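Following are the structures in question.
Okay, so chain A shows up in both of these, paired with chain B first and chain C after.
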Partner chain A sequence: MKTLRSLALGLAVSTGLALVPAAGFAAGASDTDAERQARWTEIATSIFGDRKIEPTESLIKVDAPARAMDAALVPITLTMPEKDRIKGVHFIIDDNPSPYAAHFTFGPAADPGELKLRVRINNYTNVHAVAETTDGQLYEAAKFVKASGGCSAPMGMSDEEAMRGMGDMKMKFSGDAQSGKPVEATLMIRHPNFSGMQMNQVTRDYTPARYINKLTVSYGDANVFTMDGDISISSNPVINFAFVPKGSGPIKVAATDNQGGQWQHSFTAPSPSN
Partner chain B sequence: MAGTRPPSPARRLGAAAFAALALAAATPADSPVNVPEPAGLWTGPQHGYTPTTLKGATILDIGALDALMAEQPVLIDVGIMDRKPEGFPANRPWLPAHRSIPGAVWLPNAGAAPLPPADEALFFRRVDELTGGDRSKPVVTFCHPECWGSWNAGKRLVEKGYTRVHWFPEGVEGWQDRHDTTVLRQDPAWAARAAEPQR
Partner chain C sequence: MTGLLSRREAVFGGLCLCCLPTLGRAAAETFEMREVGPGIYVRCGPHEEASARNDDAIANIGFIVGRDGVLVTESGGSLADGAWLRAEIRKRTEKPIRHVVLTHVHPDHCFGAAAFAEDKPAFIGHHALRAALDARGDYYRQRLVDILGPEKAGSVVYPTQAVTDGAEIDLGDRTLRLTAHGTAHTNCDLSMIDTASGLLFPADLLFVNRVPSLDGSLLGWLREAERLKATGAARAVPGHGPASVDLAPALADLTRYLGLLRDETRKAIAEDVPIEKAVQTVAQSERDRWVLFDAYNGRNVTQAFKELEWE
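Showing the complex of A and B:
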């Protein structure tokens, strides 16, 4: 695959050179595409080593606004129609300095058909979603998103204010619980998720990075998902997911951040009425 | 054309800008539409509302910059470098990529004020080299919207006697709205300057 990739890249580069006029800046595709592809290859290698990643139209889809209203709060929807085959999902923002935004691993109580989260985006960039199937294969889908400045955008309040109530959580459910049928849930966590790239405009110091690095959601004794998080996840994280209620709840959420913060909350989940 | 149109406010502050427009008469300063030029370099926070003028320089919008490109201006990007958060986990990829206007020279944070004297001298030396010593060669300074760094860089060049200084306040964001960007590495001569904290 590595050879195939470099071959493809080589072709893209030479095509690019052939097509792009000397003025360069007026050009459409090609050399930039090749550069973006090379960037993705570099990131993918740093995360997945030389594991093969196949493009897919069906196993995972990534949806984001083509032009984001707020680069610090870009809504992302990941759809995995063949959900029974999905073991986990990686989300990568190519041009963020820290590209590896999140890794979700699904447990037995998950319904991995859809995930939503909100992220920071630093520059016009491709974003990649990589699905890992139960047989250990990787499949990728991408989308180009126009947003910039998200990683360093200040929150517009003092750090103290941003940290007030840190670790508080809410969860909303939608739909009636029927045994074996998935229930959608929205988890909201109060946490500034400081990126470490945000400068306090008054003191001109950088607010230290403080972000949720591990999030575990379970239903009863069964894991729904585990997320490894990063500075690219927006402040006050909101994650939409689905689970399959079997037996009785509650839904438990455990979160930790990179500065040793630990929080646990329990929610009464809708349980199948019969 | 150049100089006749104020730069468009940053998109995410658009609503605030319109609100401020309505209040402009009541609030003489600290609004995106009424920022007076400082007498010299701006020494306050680099990120913030900037003036719509720079005495002695031409203000460019993207259309004016496109027109100027035919003259192959020297493009100076003073955007600051992404700062790696302290304690960033060693096992996660940290791969900053500075996207900018193709052909630009990236002198990170060269618009800071004050600059250490040696750095300021190096900035002037690099511009002198890039213009081939021709002070009438068009030069464009830019970084991002609401970034004083490129205003300062332009101001320095005006005061140094450059006669065709252009300031492109929309910066990389204004460019990438219409054109491709490319990943730039820091100018090697600038990178080699006496180590100052890279922030």
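Showing the complex of A and C:
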């Protein structure tokens, strides 16, 4: 994991310059399927080594708009119908400067049937979701998304404005809690998630990457999920997930960012009333 | 459905003939300046996206001739567009070009400014424009270079005079009163009223026929629209749309759309409608009232959702 992270960030820095389409690295709308497949193979190897990844149509599905309306906020839905078999999910945006967007690991309090997140997409690209099953197998699904400039697009008008309220959180629940039945939750976090590719207005330099790199959500003493995040997660991250309320809450969220920021919040979760 | 379609055709063909796309020709060559008030000239841009064919000459740009000199109300969308505007000014007056107003950070409004460098005018902008250009200028320039090529794109020009709250510019026989607005269409919107004619220049705080694009604050824009109304001006030169319009009905159209965007986005958030659904459903009843609706409404909903979900 360590080496992959540094690899990812190295790419992020170098492609700050590769925004100019002429640059050799820049992937484009015109890439052939073979070129895209080669890129995916390379990325998959860097993340999973020589582990085999099977294509699947049943274990995981990716929903994303075919053409992003806002490249800096592309809503992604991951569906895992056979949820009892799912241990974790990896989400990769092949042509982003730092492709490995997020890795979710589910805990005993999770209901891993559906997960939603919002990401930045920098180019016409395949996005890959890789599900890891409880028996250690990997399964992949992909979707092609047309977007451009999501990582480098200036987000707010000033860094200061973007950092206001950093670490604030909100959580919304939907549906009534019943014992053993999953509850859907939406977690919102104030954080600029600077990609490292946005120009700082004062220094005329790139704002250093500052992103949530670890997020842990638990219900009572049981883990719901842990997310390792990267620069491809949109600013002010919003994550939809589900958990199974057993016993009493609260829901606890702990977030850290790559510059040492740490935040913890506790939310009163709906608990089974019967 | 036929009725709706003909409505859309009416928007294209009936209300704004000068905004028809000029097929097969470089757009800037076929544009013309219209005198919309005494000494006030406006070129209205077509409802298109920036392209190699239109030189990003898509906004309403123009100038005002006063006793002592010329004020450029909007500079154009590229160096090429700005140079065209400068040539149009020189066809009509030899007076010095003393002021170039940069109404906000968007490239279709401020990338013509470089064409006026030799005139050494005062470049006038909102106090937040410099920071906004710092954050986005290079990015916009690169995108324009990609579309138009480096010769036509132009460079980032910074304001030399920043307006905080309000300012006045005296052209000798007429005065322009400027207002720096709170975050609305963008965070650096500047409007202007000409005391001689009473004509309001709201720039992109007022879109007519072309769907408004939200890049600042939805609630802020609705507030600033009230301030425009409170000026009491009868006529206005919108940032996009006909060369001049009656202000009240144009503002009513704008605020109807923005109000609906606010109300339906709030409703979606309250009902746990996810953002990916909201972009497809919110404000759809406005679809046949605006040109380029499908290109911008989803993004506007995304912006609105981001702003309102923290309420």
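We adopt the following convention: the second predicted complex is superposed on the first by the 240 of 274 C-alpha atoms of A that agree within 3 Å, B and C clash if a C-alpha of one lies under 4 Å from a C-alpha of the other, contacts with A are read in each partner's own complex, and residues count from 1 in each chain.
Keep in mind that, in the parts below, contacts are C-beta pairs under 8 Å (C-beta built on N, C-alpha and C of every residue); 3 or more make two chains touch, one makes a residue touch a chain.
Given the structure is predicted, the values throughout are model-derived calculations rather than measurements.
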Check: Overlaying the two complexes on chain A, which is it for chain B and chain C: clash or fit?
Finding: clash
Item checked: Partner chain(s) touched by A:Ser46 [first = chain B, second = chain C, both, neither] -> first
Check: When the two structures are overlaid on chain A, which partner does A:Asn258 contact: first (chain B), second (chain C), both, or neither?
Finding: first
Notebook entry, point to check: Does chain B (first) or chain C (second) touch A:Cys151, or do both, or does neither?
Noted result: first
Notebook entry, point to check: Touch check for A:Pro99: first (chain B), second (chain C), both, or neither?
Noted result: first
Next item on the list: For A:Ser232, decide between first (touching chain B), second (touching chain C), both and neither.
Entry: neither
Note to self: As a test of reading the superposition: which chain, chain B or chain C, is in touch with more residues of chain A?
What the structure shows: B
Note to self: Let me test your reading of the model: by the given contact rule, A:Asn123 touches which partner, first (chain B), second (chain C), both or neither?
What the structure shows: first
Check: In the superposed arrangement, which partner chain does A:Ala209 touch: chain B (first), chain C (second), both, or neither?
Finding: first
Notebook entry, point to check: Touching A:Asp70 in the superposition: chain B (first), chain C (second), both, neither?
Noted result: both
Check: Just chain B (first), just chain C (second), both, or neither: which does A:Met197 touch?
Finding: first
Check: Considering each complex separately, which residues of chain A are in contact with chain B in the first and with chain C in the second?
Finding: 69-70, 149, 152-153, 199, 201-202, 204
Item checked: In the complex with chain A, residue positions of chain B that touch it -> 12, 45, 47-48, 69, 82-89, 92-97, 99, 101-103, 144, 172-173, 176-177, 179-183, 199
Check: In the complex formed with chain B, which residues of chain A make contact?
Finding: 23-27, 31-32, 35, 39, 42-43, 46-47, 69-71, 95, 97-100, 122-124, 146, 148-149, 151-153, 195-197, 199, 201-202, 204, 206, 208-209, 213, 230-231, 258
Item checked: Partner chain C, residues of chain A touching it in the complex -> 19-21, 63, 65, 69-70, 73, 75, 77, 116, 118, 149, 152-154, 157-158, 170, 172, 174, 184, 186, 188, 190, 198-202, 204, 236, 238, 240
Note to self: List the residues on chain C that touch chain A in their complex, please.
What the structure shows: 128, 131-132, 134-136, 138-139, 142-143, 146, 186-188, 272, 274-276, 279, 298-299, 302-303, 306, 309-310
